[in-house]
Amino acid sequence: MTRTNLNRFGTLIAFVLLCIGFSIAAPTAFASPGNVFNLVQQMATLAIVATAATLVMTISEFDLSVGFSASLAAVICFVLFGQGYDVWLAVPAALLVGIVGGAANGVLVARFGIPSFVATLALGTILSGFAFGLSGGQSLFQSVPEAFKALGRGEILGIPVLGFWIVGVLGVAAFVLTQTEFGRRLKAIGGNAQAARLAGLPIVRDVIATFAIAGGLAALAGLLLASRLGSVQHTMGEPLLLPAYAAVFIGTTASPTGAPTVAGTLLGVAITGVMVNGMTIVGVEPFVQRILTGVIILVAVLVRRVGRAK
Amino acid sequence: MTRTNLNRFGTLIAFVLLCIGFSIAAPTAFASPGNVFNLVQQMATLAIVATAATLVMTISEFDLSVGFSASLAAVICFVLFGQGYDVWLAVPAALLVGIVGGAANGVLVARFGIPSFVATLALGTILSGFAFGLSGGQSLFQSVPEAFKALGRGEILGIPVLGFWIVGVLGVAAFVLTQTEFGRRLKAIGGNAQAARLAGLPIVRDVIATFAIAGGLAALAGLLLASRLGSVQHTMGEPLLLPAYAAVFIGTTASPTGAPTVAGTLLGVAITGVMVNGMTIVGVEPFVQRILTGVIILVAVLVRRVGRAK
Amino acid sequence: MLDLTGISRRFGATHALEDVNLALSEGEVLGLVGPNGAGKSTLIKIIAGADRPDAGEIRIDGRAVHFASAHDAYAAGIRVIHQDAPLVPGFDTLENCYLGREYPRRFGRIDRKAMRAAIAEVAADIAPELDLDVPVMFLPQAERQFVRLLRAIADKGRLLILDEPTAALPAEDAERFYEVLRRTRERGTSIILVSHRLEEIAEFCSSAVVLRDGRIVARFGAGEVKPEAMIAAMGGSASERSTRATDTSAPLIIEIDGVTGGDLTRPAQLAVHAGEVMALYGLAGSGRSSLLNAIWGAIPWAGSMRLTGEVYRPKSPRDAIARGVSCVPADRHRSGLFLVEDLIFNKTLPLLSTYRRMRGLPVPDRTAERAEFLVAAERVSLSYRDPKQLARTLSGGNQQKLIFSRWANRHSRVMLLDEPTEGVDVMAKSTIKDIIRAIAADGNAVLVSTSDRDEALELGDRIAVFRQGGIVRIFSRAEASAEALSAAAQSRGAA
Amino acid sequence: LAAGEKVSVITPFLAAIATGEMIEAFKAKAAEYQWTVDVVDTAGDMAAFASRVEDATTSGANAIVLVSVDPAQIQDQVDKAKAAGVPVITIDGAKNASSVLNVTSDNYALGQTMTKFLFDQIGNKGNIVRFFYSAHPGVHQREVALDDALKATPDVKQVADHYVAVPGQVDDSRAAMDAMLLANPGDGAINAVWAAWDEPGIGAQLAIEAAGRKGIIIAGIDGNPQAIELIKGCTPYVGTVRQGFGEMAKIAADQLNLILAGGKPEKDELYAPVELITRESLGVTCN
């Protein structure tokens, strides 16, 4: 086993140990098919938002608007439902808003040279203002069509629908990043923007596209979350922000060059997801949960060093 | 006027325009001495946390634990008060916890090579667990000594006490960053870590020191906030995180090399502070406030481009 | 004073250094030469405390030392310019020079006046026009090299180590540097100099060692340091100077008419024929790179250009590529390489869409990429271990070859080369020169900016000499000579 | 008796003082019944909240207690719990087809009581400012009560309002009140502060005290201990409506005991009594 492999396996080993630990602590509850089903469902939105973050971090930028985009998309969708619009109109409209918002981020960053942290936070704040205004600051849960609920609930062949979304979205993202010209270009831009420009890459276009895709994915995550919950609050997407980036960064520690990867991100999502789920099942006190959360993440990213050449 | 100066003035001009705008919209209320007094008080904690963020960003890292450190320091201080300890013991103890927490961040980043985003978020989560556990999730407000309240309230010679804190902390930080060897080293580490390493700088030590100082400043901000409010909630510091980094990034757009500076950060804090204060005085609807917040920040960082050579 | 015994350093399967023994006496000036990837930079990093050997011992004045960091080596009096040494981009020259040094102070504050006084003196000798107060990120590449030189020389030590200090410096600029270096030598400072310009070594060094595949294969004492002998020890032979003349009846490929942009402040007039190599020569900062960048569409420019008779207005490198133009940019770390990506990635990136397995489907065919990389690597005699190794792990000269390899097997109407042989060893230099000639011979136009005066004379069918942001004279091969080029590049008065 | 039962208590708002109080009271009562109680907080995250309800359902909890949320916000998860045979009750929540019981204060009544008290104090005439947070369904009901009262009392005008940021609510409200005071200078420009719960009221009190403004009174809701201190201390804070948090939790635990034993609660929604706390009720006199 090469050093690279050992490194990569470090964080994975931590994850496996975590699962084994919970299986021992709560054999019937944690390791049950029902709980695995739950876990998949619970991780789906975070996994998709974290994928958006992975794409943006591949070009060495940040997108802090993902949570806000998710909220706004969900609000728009439910407001349209409230006005009697159909799923086939409301869902594409909501996704479009996410894509357009993301593209606007890209324009601010690539064309106007605003640091992505400021640009996306400012634009995210604007989006959250719209979400607030449109929802009137209230929880929306009326007149949700059954077709919409089906997007993020239930199962097909015993596998939760949200599981298919994870596989679909992350699979495509991984394919794009590792196998296509576009993915190659994003890595180049993230690695050395100046060199990428001089090598003739269409940087402005690619950066805008990346942010647009991220916005679209965030919107999708918001819709799936809304479908799963059956209700929408105008701040519902915001708690996704930090965990999404945490997942990406945990994932980078599993990559030999420290670059973000979809697989690494999924591992990061899985670690955080399993941790919270397991601790709830075992019944850990809330404040102890927080302490353990931090400790487990640190241990997970430190384990890889065991397999590291000095 | 050189290009550099024009660039620097861009964001400043936006700030002045903002102030003029509010002065016209609410002549008696906004531009009154009383409001300036308020503004100074309101900006103090954010300014100090943003200074911590500035230091950490100078070495091109993130510290996401600042808000949690601020909360924990305040909780510890009030818990000690509750047990009858004196200000002279409680305050140093609380600051020490902040410094130690920060140093731990530094060790994780510099010694163990964990990305600062993960390390500080994980450690911050641990700190928040302690704040939660120690406070029992309750608001603490009993037996607060008068000496403690004096730290963050009232005035001296007509100037709010918190104003002196701003001047003191930011002044020292600016001096350290621009005039001392330590400051130079931090800029070098942030500017090109490899160059710093080849020049033989004590990177590990400096990184740890930077995070420790940041932790101490965050703790100080938490204490001043607690003093101003007279009560402590275990989550009170968390809302400081994003605005602090937003302020630093807004500040970087006013610097010719894009590096964080204390002066730029203060400008960023002032822009956000004045904006919220002014809009509340004028009585803007909450959701419109958010939209305008985003718009104004974007305009402020775009204005500098007016003064930029193509 | 310095004694190395049994130094070895491995990177995975690569033996960068194997059992190197080297002794340097007080005041000795040692040339360290060897082909790309021989281990020169690795050895220097070890002496400088920037890397640690797997085995072996370093002694200074007979005492064994263990450098835990570059600071320890600094404290022992060792001063270094590493190859491609990174600078702190936001720092100006003064601050970069003082990095890692004790700052002068006044009243607790850093005393910039004293810093300036110390640096300006040396700067006046090496680079009189260098602005010491501009962040180096805003300085042209050549001037950044002056900053590195200043940094090493301004702070006096016992041992000065220079890893290819003049690789991208024109002869005239290099001469000023060696002038200062001579004074340093006279003060009794020991020096180790790495260079692929063997004449420099022969002229400047009292002794030399040749490193090959991590081992010292030859040592030359006083009076024995001769380029031919060193080349022979490296396992190569010197190349011939070609004697072709421009075929002025051949069609014009690229015509440049009154172009300005970047450092090119005076309108440039230039036309290159099919089959012609146009060398661009001038002092650092004279505007050569800016002309190439304008043709490449990388900087905003004014004027007019024609490509094979048609109007050519590139707004980005992308436009240029689409019209059959290729470019090897200068400053490989900043403008060329993706250091944490592998070799194939670096090679195929600009023309990625030509590797599709299925047309219309933007998915590169990895087998095709690999095959083409292998061909190109062979062509530029790249020495590497594995196509999947990271570009960062190549030696400096091999990194340069890697960038060149991008275009090595493309049919380019116009080839733009900015310092294509920077840091490349003598053998590979002649290979690259052959490739350049072959590209031209296919009926294409080549514009090559080089700081190596001999290379300009050797390569150029004509040589355009730049001075202070404009072309001062275009020499035909017959008119050109080292003296004439230098005179034009440095001429004062009206151009 | 249903001793040894496992009860999951889940809330997104443990950081809120009132929620914490309810949960503490519930735990105390549960200890008497010898249940094992697991408390879960999702720190404002509704998605996580839904996930934790799922976890509780699969982990074999005997009952789920949701605190300070409307089950309709996670209908699917509550439905699933019901389908799995796990009874769900809410404290400070809302009625729902899939939950067995909601024990609450009547939020509209809370708002009405507080508003009436506040309006009476200013003689049903004058200017008020409002601190609100519609995202919380219960809090929103109080706002509805205020809206109704304003309609019915044309001499009381709302001159400013502020949507409170949570967390950081005290500091945020203080800064907002600072601005409102300046925007409405002069005696009588603001007569009263209507705080949808006590913490924004405490922030407003700090601003009023610092500005030295006279003639403004504050009332809130919750019976927050700090607010009660302020009322005792003859500050502008004149009243709060104590929700019977302890009472609610006690009712909920008693009813849950009944449910676990196979019984049914008397009604699907039960109210705990509310209590207006003023200087008078605390027996202090100020001058």
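So that you can tell them apart, the chains are marked A, B, C and D in the order they are listed, and the count of residues begins at 1 in each.
Definition applied: contacts are C-beta pairs under 8 Å (C-beta built on N, C-alpha and C of every residue); 3 or more make two chains touch, one makes a residue touch a chain.
Note that this is a predicted model, so its numbers are computed, not measured.
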Selected pair, greater C-beta contact count between A-D and A-C
A-D
Starting from the mean Cα coordinates of chain B and chain C, work out the distance between those two points in Å.
44
Where the CA atoms of chain B average out and where those of chain D average out, how many Å apart are those spots?
32
Residues of chain A whose C-beta touches two or more other chains
137, 258, 285-286, 289
Which positions in chain D are in touch with at least two other chains?
14, 43, 163
Think of each chain as a node with edges to the chains it touches; is that a line, ring, star, complete or other?
other
Contact residues on chain D for chain B in the complex?
14-15, 17, 20, 43, 160, 162-163, 165, 167-172, 174-176, 178-180, 182-185, 199, 202-203, 206, 210-211, 224-226, 229
Counting only contacts in the complex, chain A reaches chain C at residues 179-182, 184-185, 187-188, 191-192, 194-202, 257-259
Which bits of chain D are touching chain A when the two form their complex?
6, 14, 36, 38-41, 43-48, 50-52, 54-56, 58-60, 70, 72-77, 133-135, 137, 140, 163
Of all residues in chain A, which touch chain B in the complex?
64, 108, 112-115, 117-119, 121-130, 132-133, 137, 242, 245-246, 249-250, 252-253, 258, 285-295, 297-298, 301-302, 305
Can you name the residues of chain C that touch chain A in the complex?
296, 298, 316-318, 320-321, 327, 329, 334-341, 345, 349-350, 352-353, 362-364, 390, 406
